[in-house]
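Pasting the structures here.
Paired with subunit B in one complex and with subunit C in the other, subunit A is shared by the two complexes that follow.
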Partner chain A sequence: MDAILLQLLNGLDKGSAYALIALGLTLIFGTLGVVNFAHGALFMIGAFCAVTLSKIFTLSHKATEPSGTDFLGNPKFDDVLYVKDWFGETVGAWLLDWSVPLAILFAIPIMLAIGFVMERGLIKHFYKRPHADQILVTFGLAIVLQEVIKYFYGANPIPTAAPEAFRGSFDFGILLGFDPNAIIYPYWRLIYFAFSALIIGGVFAFLQFTTFGMVVRAGMADRETVGLLGINIDKRFTIMFGIAAAVAGLAGVMYAPINSPNYHMGMDFLVLSFVVVVVGGMGSLPGAVLAGFLLGILESFASMNEVKDILPGIDQIIIYVVAIIILLTRPRGLMGRKGVMEE
Partner chain B sequence: MSFSNLTRRGVIKTGAVAGAGLALPTYLSAAAHSGFTNAPTGDTVTLGFNVPQSGPYADEGADELRAFELAVEHLNGQGDGGMLSTFSSKALEGNGIMGKKVQFVTGDTQTKSDAARASAQSMIQKDGAIMISGGSSSGVAVAVQGLCQEAGVIFMAGLTHSNDTTGKDKKANGFRHFFNAYMSAAALAPVLKNLYGDDRKVYSLTADYTWGWTQQESIQAATEAMGWETINDVRTPLAATDFSSYIAPVLNSGADILVLNHYGGNMVNSLTNAVQFGLREKQVNGKNFEIVVPLYSELMARGAGKNIAGIVGSQNWDWKLENEKGDRYKGTNAFVKSFGEKYGFPPSQAAQTCYAQTLLYADAVARAKSFNPCAVVEALEGYEFDGLGNGPTLYRAGDHQCFKDVVVVRGKENPENEFDLVEIVEVTPAEQVTYPIDHPMFAGGELGDCNPGA
Partner chain C sequence: MLSLNKKDFGLLLVVAILTLAAPIILNPFPANSGMAQFNAGYPDLMQRFVIFGIFAIGFNILFGLTGYLSFGHAAFLGVGSYSAVWMMKLLSMNVIPAILLSVIVAGLFSVVIGYVSLRRSGIYFSILTLAFAQMSFNLAYSVLTPITNGETGLQISLSDPRILDGANAPSYPNLFGAQMNSAATVELGNWIFTFSVGYYLCAVIMLAAFYISIRVFRSPFGMMLRAVKSNQQRMNYTGLNTKPYTLAAFVISGMYAGLAGGLLASMDPLAGAERMQWTASGEVVLMTILGGAGTLLGPVLGAGFIKYFENIFSKINDNVLHGWFSFMPDGFEDFLVTVIHPFVGKGWNLTLGLLFMLVVIFLPGGLVEGGQRFGRVFRRKDRNAGSVEADAAKQRNQTAAE
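Take a look at the complex of A and B:
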């Protein structure tokens, strides 16, 4: 029982990352009709916003007095952090410790700007082109973004720690009447789950309860009619692209302490997220979220030793097996609408 | 007139046949010098360095390339000479190799076997490379070693740790300076027993490919021989990034040791996940829960950050060896000085093995007085040397594996900088990690005969 509960928590956690990325993908597909293969790269850039802010906070100058000798026997001058110079020891240390949560504020304008530039500079030229062209150009863009990050940050993963206060684990075992330490789960992963739920809820509320969201939903349903009513739907869709980029970026920022960011992490998530979108139903926002959590949980259960003893290797193919079954029984996905990608 | 049948035409014919006959030994002896692939003809000789320049191991490849450049510099008599001054052999004089200036070409393995073979082939066929070195994966090493055997050039392996490279996949034209999975396990076992006792239950996660399998087999055999029990070994996909689903079952498995047979990004992520799940603070069976990573590099330690603190593993070499363990490891400081002054930071173990391999190849040519791969193979087989930073070392003739001391390390609790992440716990003498040539973990495959190529 404790093992099942642990894998359920794991599934919800994995699912929240899938759901966040799939949500952004669906927002872009639903509004602009573009299949954006660069979306994983936006997730990766978000994680590197956390890395960058942490690097900014560790900018330093050399001390004036040597503190010993370096590995070659030359005098060694310690690094003195600028944040500690400017804000004092306590505030400087706090900024450094809280660099990941602070990177949320840092990442929002950056991701919005990247989203706008991507949409206006490249993707808008491909609106009327076939989906195959869109996939090729966005995939190419993903590779370019990946290589740019590798050029500046190297290929090695860069550790980016969560604040000290959230580095431990929460003991669910005691809470649920199990033995102590039977079900423990890292604080930061719980925070990631809560954060994802907040972002997903926020996006839905924005689309459901604001005038802007109403216009966007109307545009998603019938772009031409909304345009004929004198509303500049293109401008709104560009803003939605920026918001989708920001959602992917924030997912990346918060993911940085879970696994050390590297330039390739976007690609690792991209393929799975596309499966999530297809299983959820192309263009369906609730479908993307539902499929994200569903596949995350199934993947976690498939990794259990008891399951692998019966079906060896199932953990590596479960997502694709489920995708095949769902697409055979419901060809438009769990919540897909008629007419999407069927022209 | 008894010699009246001696005609002008007859004299010319006889002269031509005699001339050809006299010239024959010269022709044959010339063939002996050039009858091998890419025999150097001018005043230069070309070496091919095949390292990952893109993909997840690009940083490791960059460090290997730095070491190769430094080795070429030293061979050509530039710089401070590095380990040439400490190397036990004095055949190299800083005038290239046998008087021919050394130049090099580079290839990108991308850490993919097919890409590595393609780039090695291009360096051999188009650039005329006479020796191929480098790489940071056993899959790549085995593939390129096979190619070099077919092409008739020497392969001086870079970072490859699978038992198979000098086990079932060994080749006469291939040589490995780096240690292997068996040696890691043999060196680690006594240290682990000393640190954690002889009554432990092990749960291991193993990367599902050749290196992971041989690493797991080796560590299981070595730890079970000292009394530990392996309660589960779970194979994890190489493409896995989040290991939480594999770590969670460890919590209530009854194990008190987790062995991570992972390398590179896999290891960084699995170790990070294990620490996040509180395994380092856990108490099981009345003992502190411990994590062991049989092989890790400085770059992986950097990727894992603070999570590497206290984690025991093994290395082929460490830049602090000579300072901490004395003269036995001479050459270390000379290399660190050359490398550090040129690049501004200490070299990794990948850099050291690539530097040593280049010098060992050049030295073998100089001692054999021939670039012919078969002469080089003969010069390296059974060769005993010292002064390249690892202490006295033997290139065993039967499998082309180097036998030398193994460094057992532990992640530092409070590193002074990003290059000082591990402390040396112990150096295990070569005798303790030496195994018979017919050891079951290395069974299968034949070294075969050297191939000089065309």
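Take a look at the complex of A and C:
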């Protein structure tokens, strides 16, 4: 029982990342009808926003140490962080410690800007081209973005720490009446799950309860009619592209402490996210979220030793097996609508 | 000739001459000159040109003709490599059985994957092939380690049985005794040309593959595949079942990929799982699109182009750049080197990505279309010429077209 609960929890954080990326992909596909292979790269850029902010906070300059000289008589130098110079000792230390959550604020404008530039500069010209062309040009863009990041940050993963307060683990077992240490779960993963639930809820609420969201939903259903009613639907879709980029970016920012960001983390997630989107049903937002969590949890159950003893290697392929079965038995995915992506 | 029309035969002839003379053509610079690093005439690289040419020709039969974009073709390449190495371990170091088995195994494998994946089209087909390929890749790394030797990669060793080989048979892949890595070197003044056995085996096989692909393109079967691309629904409404045709195209392209994998393993008897990763599938897509999907020559051009620049660009480092621009004023030289630095050496992938985007945006037909547009610029004069001259030009172009 406790082992099952533990795997359920383990699946949640990976599932959250899948769900967030798949949600962004589906937003773009549902509004603009574009298959965005560069979405994984946006996730990766988000993670590197967190890296950048913590790098900015660790910028330092040399200052002579008042205590005196070293054994050769030269004055000693200390590295002094700029943040501590500007904001004082305590606030500076706090800023450094909390750099990952603070990177959320830093990442939102950057990701929105990247999204707008991408849509206006590139994607706009591909609405009328076949899906294969869209896949290819965004695939090229993904390579470019990933190489640019590699050029500036190098090829090695960069460890990025969560705030001190969340570094420990939480003993779930005691809370639920199991033995101590039966279910131990890192705080940060809990936060990641809560954060993604918040973002997913926010996106759905935005689409459901605001006028802007209503217009966007109308545009998703019938773009032409909305345009004929005198609404500039293209502009709103561009904003939705920016929001989708921001969702992917935020997923990346918060993922940085879980897995040290490296330049190809986007590609690794992209393949799985596409599988998630297709399993959920192209163009269905709830489907993407559902499939994301479902596949994340299935993956973590498949990595249990009891399961692996019966079916060796199943943890490596479970997602693909499920995807193939679903695509062949439910042609539109779990919650796909009729007429989407059917030639 | 060879049941080809004049134009196709000419194309085949040109490709044949270029391929067979490649060791000379690709070595235009003397070995001791500063430009020698642009020489591509060494066996290792030339073999990759033709092997990936075969891979791309096969991929083009599926993608270029039917429009089905597979993101999993590297799996067939990997399977081909593994079966070739196993053949060399168990049976004989002769490459013939190894290559035959790799084609057969990849063919069978693609029948299974194609039969399932082709039930869907469009992006669903891409995702299905991607899923199958990633499954093969993950399994090759984990559970199938007894067959694939996991991360180390499958290698040949002296203790292998090799039941057909005698006691003193060569211990390196060979064709009836001629070892793949043996080569004849000809020195002409400062120029050094290497004629390698392995390269010529690959080149002859590629020419055969190219010939088959021309025949497929010109056959009623090829016409049927093009019809699938332009409007599959209409084909179905006229009462035609398109599935056997698309499946045949899928299996043919899978066998080409297996052949390429088998050749890779024959040139260097080592097979690793990374050949099956989806980035490897992406690479063949890049080659085909860059050269020109749906054209005969495009995939070969694309494969050669990417493999050449991958090797040459990644060799250019800052010292080489400084050497080039040394005639300029110092500040300007440093500036140029700083600007170019991110795009060469380890940053070659950035150039590839940019180039690929530019091709997809401005030249959807790839390098071949670029060449045609370039040619049209020169022919445009004809239209503006006087009536008599225009008639003459028309006649000339007509005879050329025939």
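Brief remarks follow.
Methods note: the second predicted complex is superposed on the first by the 329 of 343 C-alpha atoms of A that agree within 3 Å, B and C clash if a C-alpha of one lies under 4 Å from a C-alpha of the other, contacts with A are read in each partner's own complex, and residues count from 1 in each chain.
Definition applied: a contact is a pair of C-beta atoms (placed from the backbone, for glycine too) under 8 Å apart; a residue touches a chain by one contact, two chains touch by 3 or more.
No experiment lies behind these values; they were computed from the predicted model shown.
In the superposed pair of complexes, A:Gln316 makes contact with subunit B and with subunit C alike. Of the two partner chains placed by superposition, A:Ser60 touches none, neither subunit B nor subunit C. Once the two complexes are laid over each other on the shared chain, residue contacts for A:Met267 go to subunit C alone; subunit B is not touched. For the contact definition in use here, the residues of subunit A common to its subunit B contact set and its subunit C contact set are 316. On the subunit B side of its complex with subunit A, the touching residues are 54-59, 232, 234, 237, 239, 241-242, 244-246, 248-249, 251-252, 265, 268-269, 272-273, 276-278, 281-282, 299, 302-307, 319, 336-337, 340-341, 346, 419-420.
Taken together, the subunit A residues at the contact with subunit B in this complex read 2-3, 6-7, 10, 13-14, 71-72, 150, 154-159, 161, 167-169, 181-186, 188-189, 258-260, 262, 264-265, 268, 299-300, 303-305, 308, 315-316. On the side of subunit A, the complex with subunit C involves touching residues 35, 122, 125, 129, 131-133, 135-137, 139-144, 147-148, 151, 267, 271, 274-275, 278, 282, 312-313, 316-317, 320-321, 323-324, 327-328, 331, 341-343. Contact residues of subunit C toward subunit A in the complex are 67, 69, 116, 119-124, 126-128, 130-132, 134-135, 138-139, 141-144, 232-233, 278-279, 282, 285, 289, 342, 347, 349-350, 352-354, 356-357, 360-361, 364.
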